[in-house]
Structures are given as structure tokens and as C-alpha cells.
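Consider the two complexes below, in which subunit A is the common component and subunit B and subunit C are the respective partners.
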Partner chain A sequence: MKKLINGIDDVVREQLQGMAAAHPELSVHIDPHYIVRGDAPVAGKVAVISGGGSGHEPMHGGFVGVGMLDGACPGEVFTSPTPDQMYECGMAANSGAGVLFLVKNYTGDVMNFEMAAEMLAAEGVPVQSILIDDDVAVKDSLYTAGRRGVGTTVIIEKIVGAAAEAGYNLDQCADLARKVNSYGRSMGMALTSCIVPAAGKPTFDLGDDEIEIGIGIHGEPGQKRMPMTSADAITEMMALEIIEDDAYTRTVREWDTENGIWVELELTDEPLAAGDSVIAFVNSMGGTPVSELYAVYRKLAAVCEDKGITIARNLIGPYITSLEMQGFSITLVKVDDEILKFWDAPVNTPGLRWGA
Partner chain B sequence: MKKLINGIDDVVREQLQGMAAAHPELSVHIDPHYIVRGDAPVAGKVAVISGGGSGHEPMHGGFVGVGMLDGACPGEVFTSPTPDQMYECGMAANSGAGVLFLVKNYTGDVMNFEMAAEMLAAEGVPVQSILIDDDVAVKDSLYTAGRRGVGTTVIIEKIVGAAAEAGYNLDQCADLARKVNSYGRSMGMALTSCIVPAAGKPTFDLGDDEIEIGIGIHGEPGQKRMPMTSADAITEMMALEIIEDDAYTRTVREWDTENGIWVELELTDEPLAAGDSVIAFVNSMGGTPVSELYAVYRKLAAVCEDKGITIARNLIGPYITSLEMQGFSITLVKVDDEILKFWDAPVNTPGLRWGA
Partner chain C sequence: MLSVLTLSQNLMTVTKAEILKWITLSADVMQENKQYLTDLDSPIGDADHGINMARGFKKVLERLPTVQDKDIGNILKTTGMALISSVGGASGPLYGTFFMRAAAPVMSKEVLTDDDLVAMLDMGLEGVISRGRANLGDKTMVDGWTPALEALRTAFANGADTKTAMQACVAGAEQGMQDTIPMLAKKGRASYLGERSVGHQDPGATSTYFLLNALLEAIS
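Let's look at the complex of A and B:
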């Protein structure tokens, strides 16, 4: 294992110390690990918070800043953060306008964010929690029941972060997050495995001429293995699965702030259709350079055009990664005027910046 | 070889087509390959142009846009672009205020940019050409005599691009480029090799527990091979070589616009010294994720502090890459008020964006 680390137990802490040194506009807490905006809590503003295992940088810590997240809770590599991290982060970021948790659908994350929501609610903090589950590749996976939360997370954090910055209240932020999740679909693939520092060896083995389609962001198994083929063939296969994905119905638990209980909601995502406009996001899994992402984007744009889907905006680069894994993911998020307005709004974070 | 490409002969063209699809604000020409701002030529503005082999994305094409480059000429992978590309790009970007070529010191690039400068001058276009040679690792290398042009290129393109946007004339832009180059020093290292598509196999072999210090951006040999060690040890070794680098004197050729001849200049870079402020740039070679770059930055900040050097600004991420090579480079560029002002100015390109 060759990685730019020191001791295996120090990986996440030292990366956070590097972030603290590089970004004095952020407040990086080491014990427990969490990152908040330096000006947190921001008076009158809903605190938008996410978190999850480390190894997906810049997500989530790199998306803390004006116009995006108020806070992020990094767990150890590919390991859920703990409820106390989430609770401390929520307390540090809450201005009184409440806390919105954006939770990727992995069993550990969901469980811990639920505990943290209850802990915050017990302190009188208004809290809501929205589940992100956009991966069309598999129904259930190694780490979760239902679809995994992947690339749409980045898009939701940007859009809901901008809405909170613009003065949306907690209910409005939660509604918007739920809507963007229902509009987002993703799929990933891997050319190589990643190596988790504590394991010291590849998470899985792929042959020299073999790829994994539908891979998760932790190297968990995907949909299928197949022989390596062209960028065009891979891109078309994945884009079509996303575009032709049927309506998806599942039951999610959300926190009922008024009554202080968890309620179950049945949510259904409508499929994409000709005439829709989307944000198209081509993401590197970490080890794939941006040049190859442009080859993917070329074909993705052609497939979308062929299907009557207009790409209104795009994002191309490493934003939700899986350590040094080579591969990419495609995310398409249907947009409307509200979503586009918040996508275009200024953002100033280490990982995503424009207009500021 | 597993890469997201189609035919080997189509790699660069298809990546450019992807850029064209993703960035309608750019004008991407396919035959010959060059990229200019969509609004080129910009009246009254010096056209800042760079170029070099492909495989280093986002450099240079991803740095075309408001506040940075007016044009970029991508060669085939790790292959110099041709004089006709540079000439066509210069003609498309020249508004009458002239063309400034920013040329990384590789024999092929230097030769072809010299020919292109003469071709433009023959058409009456005012042209100047500044050599970038900032790599302290080796005196001469496989592809050039003298120091190679590496990370400082990104910094020069940003700063001189902002100056041109602010109305600097051709002489002023050239003076500023020469100054920033004299203030910049870099060094890189590799954990793994890259694979050039046309070769189909790694450019060099590194053992499972071996690294290469002082590597170039084409996988050309560096200073030494050594056993893998900690991020801290590697970072300190490289940072000290940069900080303690002596005054460097060499003879460069620049075009004398008035007399239409090449003149030789002897230029000397002053060493860094305690009390200096710098832009610190930690760059991924392509396959190293940003999380590991933060571990490097943590130690780099400590070494700089220890040496009395203040980091005024930083840039951390994959900006001048070597395909999917794992590894990183450090660049330190001494700054003054003029340089900082132009570093902070708005920039809007696919690869670097803020304030716009």
C-alpha cells in the first residue's frame, strides 16, 4: 500500500489538520471530528449539515462554506460518524432556525443521524432529516437496504445550501431537499479498486481487462462485472439505465418536529422524460483524471440529446470520490426554475466555488 | 490498459469534443486543435496563450476563460503541439494588442513556440514568449535542457491572465510573467506510473514499496528512487529542496518585438528567504485524491512556518496532472502586492473559478 499518510490511525485527523491549515475560514474541530463555517452559527439561517465516512473528499467537509453546508461530520474512512459528532456539529451550527440533516442512505449513517436528531430535539433544537437515495444500480447493497445515496448528494448540498443562505426556513429547506432527491439519479463504475488504509489491500480484485458496473462509493459490489470496453459503450449503458429508470417507491422515516416522533412517508420518484432539463454531473471516483471524464461527457451529452433531455448545467470532476479508485459516476438531476436559481447562486467552499 | 477512451487515435479529439459540449462559453477548434475564449479576440486585450502536450488536464485548455488564458494549444498526449496550432490560436485570439506565449521548458514546446512566434511576427502580430522553468529536481532531463516547466505554470497563467484582463500591455504582461517565473519553484514525486494510451503500458516501473522523487509530468526520470516512507518525510524532503534551492542562473531566448530577432537574456532567480510570503500549491499528479493532498499540506505548512515563510494563499487539487499517475507536486511562488492582487482577481474557467 502506497499512500500519502503517516500512521494508519492518524489518517483522518491529519487530513482535517491540513484542511484547518489551508482554510482558516472554516472551523475544524478535532475531538470529536466536525467542520463548521467559521462564522457559525449564522443568525436566522437554517444550518444545513451532512456527514458520512471519510474517503469521499471533497464531500462533505470540502463543501462547508458560504452557500453550501454549515457543517460536516467526517467519520473514519468508510465508517459512519457517531451521533455525538453530529450532535456537537448541530449545536455549533444551530442559530435557532434549526438543523437540516442530509443523510446518505447507508444503515450506519441513517441510524446515527436518527440518534443525533433525537438528541438535538431533546435540547429544543428544531431538526429535520432528509434521506438521499439516488443510486439506480442496485436495490439493496452490502451497506444498506434500498438505494444508496451517491452523486445527487453533492447537488442537493449545493442547492439546499443556497436556499438556506437565501432565507428558506427549515420546512422549506427540507421540502427542497426531498424534491431534488426525487429528481436525482446516479450510477457508478470502477476500473480499479481502492485501498482502505486500515485494510492495506484492495477492497476487491478486478482483472486487468475487467470492470465493475454499478459499484458503490465504498467499493461494495455493483450490478455486474464485464470485460473492459469503450468509454462510449460504458457511458451509454449507464446513461440509459439512469434515463430509463422507472418510478421508484420506498418508505422513509422523517422526524416530525411538531410531535417529536418519527413518521413514515411513502415517496415515489417520477422517471425522467423527454422534454426534461437536467444538471449532468460526471464524477471521478478519485483516481480517474478529468480528461477521461470529458470523453464520458461527450457521449453522455449525445445520449441525452437523443432522448430529448436538455443538459441545462454540468459539473465535471472529482467531487464524491472513493479514495483513489479509478472509475466514474453519472448523476442526472431534473431541474426547474427554483433548482436552477439555487444552483447558479454563489458558493465559496474548498471543493466548489463560483461567484464568490 | 483500462482507460475511459475509445480509439487510441481519438483520445485528444474526443476529450476536446467533450469540453466543447460542456463549455459552450469556449470556442473549441478541432482541426487544428486549439481552444480560445468564445468572445475572442477581446478588443484591446493582450492574448495570453499557452499549450503543450495533452495529459496534464485541466492545464492548459481548462484554464481558458475570463481572467486566465485567451487560448490553449493541446498536442497529442505528452507530445508538443505544432507551430500551426499555435499560429492559428494566436491569430484567433489576437485583438491587435499582441500575443504572449507562456512556454513550459521542454525542447519540442520551445522550438515550436519559437516557430509560431516568428510566423505571427511575420503577419505583423506583436508577440512575446516567456519560458517557464521552475522544477528544482533536475538540471537537465529526458525532454529538455535546463529546468523543466511544471507547477508554476498554473500560477503564472492565473496571474498574468488577470493582469491582461486588467489592461496590462504586452510588455507589462511579459515582465510580470518573467517575474512570477523567477519567484516560483516546484518539485514532484510519483507513487505509480501513468500509462500513455498509445504505449498501452506503464511509462516506468516502480516497486510495490518504492517511490520516485523529482519525477517530471511525463513520467520522465526524477532525482532518485527510494523506499516508500511517510507523507511527512516525503513532504519535508521536497519542501526543503524548494526552500533551500540556490539562486538559479540560465540563458533564455526571448523575441525582440521591435527588431524582429531572438535575443539571449541571462536570468537569475533569487532564492526564497525567511520573511517571504508565498502561494503554496499542492498538486495531484492525477490519481492521488485531494484527501491525501491535505495530509501533505499539513506538513508543508509546518515546514514553511519553521523556515519563516508565510503562506499567503494556497491551491490544493489536481491542476497540472500526468494522466492517472499517483503522486503530487509542491510549488511555492513568492508573492508581492501586484501578484496577490492578480491572484485574487475573478477567474472563470472550467478548471479554476472564483469571484465569477
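Let's look at the complex of A and C:
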């Protein structure tokens, strides 16, 4: 294993220390690990907080700043952060307008954020928690932990962050997050595995002529393995899986702020249809160069056009990564005027910046 | 009066020193099997279970001196809180909740009867189930805990002493752990593999076996 690290146990802490040195506008806490805007808590503003395992940078810490996240909680590499991190981050970012947790649907993340939401609620902090589950590679929720949270996470953090900045209250932010999630669909693939520093070897073996389709973002194996083929063929296959994906229904748990209990909601995402406008997001898993992402985008744009789908905005680059894994993901998020307005709003973070 | 006292003394079977030893032995076994548990987690998870459990129990050992003069309930509660704040992933909330719930029926106790031991483990498992919402057969640690605790209750019902009952409990955990191999995972990251999860032993059911075996060693 060749990695730019000093000690295996220091990877996350040293990354945070580097972020603190590079971004004095952020407030980086080491014990426990969390990042908040330097001006947190922002008076009257809902605190939008996310978190997850490290190794996906720039997500989430790189999205803390004006117009996006108020706080981020990085766990160990590919391991959910712990409730005390989320609690401390929530307390530091809460202005009184409440805390919105954006939680990617992974068993560990869900359980840790649930405990943190209970802890914040016990302190009288208004809290809501929205699950992000957009990975169409997972077909059902009955026999699995449900669709994973992948590329749509970046889009939701941008849009809901802008809405919070514009003065949306906690309920409005939660409703918008739930809507964008229901409009978002993603799929990823890997050309290579990746190496978790503490494990020291690739998480899965992939032959030189093999690719893994339907991966998540933790180097976990995906839906199926197939022989390597062209960029066009891979892109078309994945784009069609997203565009032709049926309605998806599952039960999610959300925190009932008024009654202080978890309630189960049945939610259905409607499929994309001809005539829809979307944000198209082509993401590198870390090791794939931007040049190849453009080759993917070229084909994606053609498939969308063929299917009557208009690409209103795009995002191309490494934003939600899996360490050094080669591969990419495609995310299509249906948009309306509200979503586009907040997508275009200024954002000023280490990982995403425009209009600011 | 004297006979009642004698009887209750006979039933008092697990001491605070043995509980402390259990926690210490658990930390040892997680450290020794860090690589093994991580290897089990590689094909069907995200290759971190052993790393996370070893880190969590290391934190528990750091906190243990602050509660070794306290009662068993407080020792277990502190163990749970240390795991919750240091493990992360799914195993942090699950094992953390296990110890915190297990603490409830043994609060302020310095020594446990067989009934206390069963209540402690039962409450812990109930916590795991309510936090993780897994059912029997989903290929999770619940498949280790459930047959283990059934075997423990059956052994006590048949008049076994504590050590014999715990031996049955550990045998149940081991069988449960092995029975996860042919299962199709329905919870956690392994569930995304579908059929490809078949043929692999669940890492959570394995760490559960290690934990119960450490308890058996502690009282032996």
C-alpha cells in the first residue's frame, strides 16, 4: 500500500488539521471531530448538518460554508461518525431555528444519526432528519437495507443549504430535502477497488478486464460484475437504468418534533419521464480523471436527448468519492423552479463555489 | 432467616470482579481478532468490523478504571457509552445499546443471580433488536444472540449451574454464528450483495460469539 499518510490512526485527524490550516473561515474541532462554519451559529438560520465516513472528500466537510452546510461530522474512513460528534456539531450550529440532519441511507449512519437526534431533542433542540436514498442499483427495500445514499447527497446539500440561507424554516427545509431526494436517482461503477488505510489492501478483487456495476461509495462490491467495455456502452447502460427506473416505494423513519418520537412514513419516488428537466451530475470515484468524465458526459447528454430529458444544469468532477477508486457515478435530479433557483444561488465552500 | 440467606448466596453467581474481567477479556479478544473480523467483513461489508471493535474496546478499557468501584449496572452503562462514542458504523450503536440496556436490570447490583444474568442479556438483545430492526434470519448479530440466549434459558430451566448454562449459551452463539454462513443478508451493507452474501459468515454474529465466550471465560 502506497498512501500519503503518516500513521494509520492519524489519517482523519491530520486531514482535519490540514483543512483548518487551509480554511480559516471554518471552525474545525478535533475532539470530537466536527466542522462548522466559522460564523456558526448563524442567527435565525436553520443549521443544515450532514456527516458520514471519511474517504468521500470533498463531501461532507468540503461543503461547509455559506450557501451549503452549517456543519459536517467526519467518521473514520468509511465508518459512520458517532452520535456525540453529531450532537456537539448540532449544539455548535443551532441558532435556535433548529437542526436538519441529512443522512445517507447506510445502516450505521442511520442508527448513529437517530441516536444523535434523540440526544438533541432531549436538550430541547428542534431537530429533523431526512434520509437520502437514491441508488437505483438497489432494486428493493424489502430484502435489503434499502437504496443507498449516493450522488444526490451533493445536490441536496447545495439546494437545501441555499434554502436555509434564504430563510426557509426547519419544516420547509425538511420538505425541500425530501422532495429533492424523491427527484434524484444515481448509479455508480468501479474500474478498480480502493484501499482503506487501516485495512491495507483492496476491499475487493477486480480483474484487469473486469468492472463492477452498481457499487456504493465505500468500496463495497456492487450489483454485478462484467467484462470491461467502452465508455459509451457503460454510460448508456447506467443512464438507461436511471431513466427507466420504476417508481420506488419504501418506509422511512423520521423524527416527529412535536411528539418526540420516530414515525414511519411510506414514500414513493416517481420515475423520470420525457419532458423532465434535470441536473446531470457525473462524478469521479476519486481515481478517474476529469477527461474521462467528459467522455461519459458526452454520451449521457446524447441518451438524455434521445429520451426527451433536458439537462438544465450539470456538475462534473470528483465530489463524492471512494478514496482512490477508479470509476464514476451518474446522478439525475429532476428540477422545478424552486430547485433551480436554489441550485443557482451563491455558494462558497472549499469544495463547491460559485456566484460568491 | 439463615436458610434464606444461604439460598440467596447460592444463587449469587456472577460477581462484579467477573463482570470487570468479562469487559477486559472482551477487549483482549477483539484486539486479537481485529484482522479476522475485518477479513470476514471484507467480502460482504466494508472491511472495518475488527478495526472498529478493537478501537471501541480500547476506549472502554481507558474508561474502566473510573467505574471499577461502581456497581455492575454502572460498569455496563459506561462500557456502552464508550462504545457508542468511539466505534461508529453499525456496530457502535448496536453493541453500545446492548450494554446500556443490559445495564438497566442490574443497576446498583454488586453481584448477579442467574435470573439477573438472563435479564441482563435479554434486555441487551432487546435493545439490539429495537435499534437495528433486524429479524432472526437476516444474517446479523441477532442470529448469534438469539440461539445463545435461548440455550442459556433452557439450560437454567433444566437446572444447570451458571458455568454449564454459559457453556450452552456459548455453544448456541457458535452454532448461530455458523448458521449465518448459508443465509442471504437482509440488513446492513451485506444485504446489497443479494445472493453473493451467501456462503460468508456474518462478522457481527462472530463478534457476538467472542463476547459471550469472554463472559464464559470470566466466570470460569
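By our rule, the second predicted complex is superposed on the first by the 350 of 356 C-alpha atoms of A that agree within 3 Å, B and C clash if a C-alpha of one lies under 4 Å from a C-alpha of the other, contacts with A are read in each partner's own complex, and residues count from 1 in each chain.
What we mean here is this: contacts are C-beta pairs under 8 Å (C-beta built on N, C-alpha and C of every residue); 3 or more make two chains touch, one makes a residue touch a chain.
These figures come from a predicted structure and were not determined experimentally.
A.B. asks: In the superposed arrangement, does A:I279 touch subunit B (first), subunit C (second), both or neither?
C.D. replies: The answer is neither, since A:I279 touches no partner chain.
A.B. asks: One more residue to check, A:A199. First (subunit B), second (subunit C), both or neither?
C.D. replies: second
A.B. asks: Looking at the overlay, does A:A162 come into contact with subunit B only (first), subunit C only (second), both, or neither?
C.D. replies: neither
A.B. asks: With the two structures laid over each other on chain A, which partner does A:F78 touch: subunit B (first), subunit C (second), both, or neither?
C.D. replies: Only subunit C; A:F78 stays clear of subunit B.
A.B. asks: Between subunit C and subunit B, which one touches more residues of subunit A when both complexes sit on the common chain A?
C.D. replies: For subunit A, the partner with the higher number of touched residues is B.
A.B. asks: Looking at A:I35, would you say it contacts subunit B, subunit C, both, or neither? Reply first, second, both or neither.
C.D. replies: Neither partner.
A.B. asks: Looking at the overlay, does A:V64 come into contact with subunit B only (first), subunit C only (second), both, or neither?
C.D. replies: In the superposition, A:V64 contacts neither subunit B nor subunit C.
A.B. asks: Which residues form the common part of the subunit A surface touched by subunit B and by subunit C?
C.D. replies: Common interface on subunit A, subunit B vs subunit C: nothing in common.
A.B. asks: Under the touch definition given earlier, write down the residues of subunit A that touch subunit C in their complex.
C.D. replies: 32, 53, 75-84, 106-108, 111-112, 114-115, 137-138, 143-145, 148, 196, 198-199, 203-204, 216, 218-223
A.B. asks: For the complex, which residues does subunit C have touching subunit A?
C.D. replies: For this pair, the touching residues of subunit C are 38, 42-43, 45-48, 51-52, 55, 84-94, 131-132, 184, 186-189, 191-194, 196.
A.B. asks: Show me the residue ranges of subunit B that touch subunit A in the complex, using the header's touch definition.
C.D. replies: 2-6, 11, 14-19, 21-22, 54-55, 57-58, 62, 191-192, 208-209, 211, 228, 230-232, 234, 286-298, 301, 314, 316, 318, 321, 323-324, 326, 328, 348, 350-351, 353-356
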